[in-house]
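To keep things clear, I will list the structure first and then write my remarks on it.
Chain nomenclature is as follows: A, B, C, D and E, assigned in order of appearance, with residue numbering initiated at 1 for each chain independently.
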């Protein structure tokens, strides 16, 4: 990795250049499963961000003391703990949301994004960059989920974050909030990302003030 | 009774196919579906791990977690991972050929979301031992079906003039989307609602 | 001595195929004429507008998305075939904007995304219809009784993105009646048309006329529709024989719903069905079995569309396992790539 | 200080496991009251919703000695809920039931007035029916209203078009299957429960307030669990 | 349909191109006058090229050997005329490049007597001597591939042949040269067949003739005059009935295994013209110096069947037939399904040239190409039961290695697939290119 590691850069790369969903195609299951509305996407994104940030924090601070044979097991234990905490918290304070997200909160445990970050980054860096990286990834993940959730909610229910957009006579595209809609919309967004990245590569320009794409 | 088991099986296999309706196990679904034979083997490995998982989750739920349900998630993860590893070692000894065919996929899926979800769903639906195993068989079979169809279709696209921007991931999502549309036809099959 | 003309050098064979792809597509269009005529006669202007909306959108999308040179890919006529077929699978009072959206999806998602004619894995018209059915499940299952050649439906005229005003009279299709009321109606009207249903599917007679034309012109692989119809007939005759009060007769199963239309025009799509004769039989039979399964034990009243799409998905696998056994080989030992 | 390798591994995992356990248990303790309150409130709301006039409720367990309040420590398998008005008078039973819908299992609860032999309310607790179609079994006010006063004799029946009979429910156009599923679920639950339920006069009375315990859905094994009982998301 | 055809004694699959034989089928073979110059490429048969045994300036007699075999799978070449060798140099070859050839100027004052010698006592020869004798006559298979005929009569040790198959199918459209030969010289074909049968020691000889040549069947049967060891078998009209593996399948319901020859099943297959040439050489001493060529096609003014001295420039043949029509723009040597297009009219008629066909712009127009619609017509056309659609698509994608898994090596390049394809995909051409690339990679 030739780039200098600065917290702000770590934060930003997760949004676009290494966006976990659109670029790395990680954590697809929750990204599709819960994004039938923007609010669900946001909640899932935030819960995931919480888990990844806390886990990174812990993992990077204890990284010196964890022998490598049990590294993964320890990480999983740490992640599972935070997921359980998040799950209880959601159940206690936002029961309705928890009903919507269902088992997918628990399934954050196995989100490849989180374990991936611990393996690839937190276990090799000190606390500040690790947390910045995790926050960036979490933000990128949240951004992607909210984008997907927004498109699906707007078309599928005619509303955005529950606000009706087109009036009562709008004909919702039910497919968008059904499983096929998730796959198809994800395909469309990936296509758009590819188009933008392609155009950007050709123009040699930059977006988000990020570093130049390879 | 057998009607109920059929409904559980068909439900997990087709109607609420783990991959195409529940979005579970997508990472291997997209990652390992480029070649038919590997996809098929991954599917079989899934069936295998799911059967073990179902058994393990049922055992945990019945004998261990009765008094500490809040530890469910963490125990599931740990126990499933270690049981699969243990069975993997047994397999290596007892059936080396099978192990060679499935072995490389096991680490890939032991802690993926489809497996964990199987355990969680089985518990939250209150399935008993037999129901759980049938559920695991259906879910694993469903994953295999989706994987094999997907792999066949993806191999076919390699001979096509797919637009360059679509090659790769976006294309796979479109295939999955249409597959998912097609699987909607199974809604209500054998569930007694027809 | 003869003066030397400029000689063309091109590879053998030097005889041209008698059948060309545009001619095949033209034959399909001709074969659709009886269905179109009956649709217009029974369901009126509204029906024709629905077909037109789907077709125009399909052709426009093909024009916009196909690789350069623009419009060249329109020459084979397959986009029009897709559009008309889609239109004919929609109900008469379907909103025009939805039909147009369907045409767009059929070509964009069903065809262009895969590289255009010949590269699509799923039947484009059915991809469009499956999308519409999942997006607007009510509009696409709202049937009206035939109301003559001048009819126009309120539903047709819904504003884009908006709901349709409900039509005064709605009716249940024969399959709905069978599924929910156990009522199988009379076969004569199923054969001639004049029942509620999708535009193209109501008159078995018109479909058979089109099918015979395709057969005569060898425009399709007859094994595909034959396999599908035979499978449905055999399976439902068996079930009817065992439990006549629970399962409808084979004749009803054959004539009702979109089965004939789907078998003749959609299962027969060459692009999305196997290339080998054995594969074609399996494809047809598999689709037929799925239709019976969905109709009799599934949640939905009709399953032709899903059956064909599912068999489309299995086509690459079928192609693989039904490779012809090469001459002089004991059995098919090929392919190679494992 | 250098520990032997294995000991070090075991120690690390042990510490991690202990810390993790401690964290989970303390979060559990911290959130338990809220979560239970949430669940109890949701259940109570649903029960009282399907039993018009009811203001309080208790869980009734079907056991060896017939139907008895859970508060008395009765053990057994299935349970229903009894609803009572402000004066403590019995209003009716709320019966939970589940069965296959169009996509997946539908869970619902319905109120039954044994005096008039009528269903007096129905609420869907959980379903994965298609939004815009099947979800009209709980979003369509007309359909829900059908269950406010529905005779259970000879049996609850679904009709297409306009049903006149007191026992008839109109199918929702475009969601016939889901409507049918609701009616079928009610029918099956009626078959299982109606013969067991004592008439209003003999219904177990509401215990005095001081003896009441919070009602946990699902009984002994209740309480929050990761992944929850809360459905499976979509 | 194909089921029925199978029952009636044919092979599976295949195509039914329009026959176009009516313009020449009734025309008796006429002798083509000598042109001024003759060009005899040293490579006009399969195998090693021949080696010249004359020098420029040498005088040669008609039927005199001018090149000797360049190996065992090779054969001799004889002068078609009496005249003078003017050059041994590269000359245009039908295959499209310049190739080493012997050029002979005819002696305009010579009587051009046909070469004659007393019949050879072929029964007395050992196998080796017989093969050498046949090779000396420059005989090659005249059914298209120009495979040196003597090779087929030098059986490997221990190999037994039980049936001689004479190929009179002539399944390619337009061509009627074998047809006329069978009608006009049936006894020559039968005498050649008798020699071949005797040398091979076979009990039965079967002559396969497509049912569209009833007069040929009648003529052969009449010439047989009741002999029981030779059977004339009419066959369904279907291309490529004449391909040897298809013919064996059609006549005997046996499939020659992939990679094997009919010989491995105990059959030897020879073309009717080859048989006649064999008789002419062994009984009269006339080596292979002329052959019947069908000149036809819409671009030819006067279609004909001509007995053409080998080495005659195509231009001369066409001129003899009134020349090309004004709109002719494509000339093909051989049949329209497997023939070779030529870029220049100066190429000569070779031993394997069965026809000269000229097409006009209307026929020569490239079909517009569409993508494969997977209609399966090519699959149902391929006599080798391959999947040409898949082969074509793999070839387009450049995935040649995978094509071997789809048995590209079994393709006989008959062109049935290209002919059947509604999308105008040049499948057989794609396959040829792929095969060449594969061979190159292996080498």
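Criterion: contacts are C-beta pairs under 8 Å (C-beta built on N, C-alpha and C of every residue); 3 or more make two chains touch, one makes a residue touch a chain.
These figures come from a predicted structure and were not determined experimentally.
*Asks:* Counting hops between chains that touch, how far apart are chain D and chain E?
*Replies:* The distance in steps between these two chains is 2.
*Asks:* Have a look and report which chain pair racks up the highest count of C-beta pairs in contact.
*Replies:* Here the largest contact count links C-E.
*Asks:* Based on mean C-alpha positions, I'd like to know which chain lies farthest from chain E.
*Replies:* D
*Asks:* Could you put a whole-Å number on the gap between the CA centroids of chain B and chain C?
*Replies:* Taking the mean C-alpha position of each chain, the two centres sit 33 Å apart.
*Asks:* Please report how many Å separate the Cα centroid of chain B from that of chain E, as a whole number.
*Replies:* 61
*Asks:* Measuring centre to centre with CA averages, how many angstrom lie between chain A and chain C?
*Replies:* Between these chains, centre-to-centre, one finds 41 Å.
*Asks:* Quick one: chain A and chain B, Cα centre-to-centre, how many Å?
*Replies:* Here chain A and chain B have centroids separated by 23 Å.
*Asks:* Going through chain A residue by residue, note those that touch at least 2 other chains and give them in order.
*Replies:* 33, 73, 77, 80-81, 83-84, 87-88, 103, 106-107, 174-175, 178, 180-181, 184
*Asks:* Going by the touch rule set out above, which residues of chain C reach two or more other chains?
*Replies:* Answer for chain C, listing residues that touch two or more other chains: 109, 115-116, 118-119, 131, 134, 137, 299-300, 337.
*Asks:* When you check chain E against every other chain, which residues touch at least two of them?
*Replies:* Expected reply: 371.
*Asks:* Identify every two-chain combination in which the chains touch.
*Replies:* A-B, A-C, A-D, B-C, B-D, B-E, C-D, C-E
*Asks:* Any idea which chain E residues touch chain B in the complex?
*Replies:* It is residues 371, 393-394, 396-397 of chain E that touch chain B.
*Asks:* Which bits of chain B are touching chain C when the two form their complex?
*Replies:* 35-37, 148-149, 152-153, 155-157, 160-163, 166, 171, 174-175, 177-179, 181-191, 193-194
*Asks:* Which residues of chain A touch chain C in their complex?
*Replies:* Going through chain A, the ones touching chain C are 166, 169-171, 173-176, 178, 180-181, 184.
*Asks:* Note which residues of chain D are touching chain B in the complex, please.
*Replies:* On the chain D side, the touching residues are 20-21, 24-25, 28, 99-105, 177, 180-181, 184, 221, 223-229, 232.
*Asks:* Per the contact definition, I'd like the list of chain C residues that touch chain D in the complex.
*Replies:* 137-138, 141-142, 170, 172, 176, 180-181, 299-300
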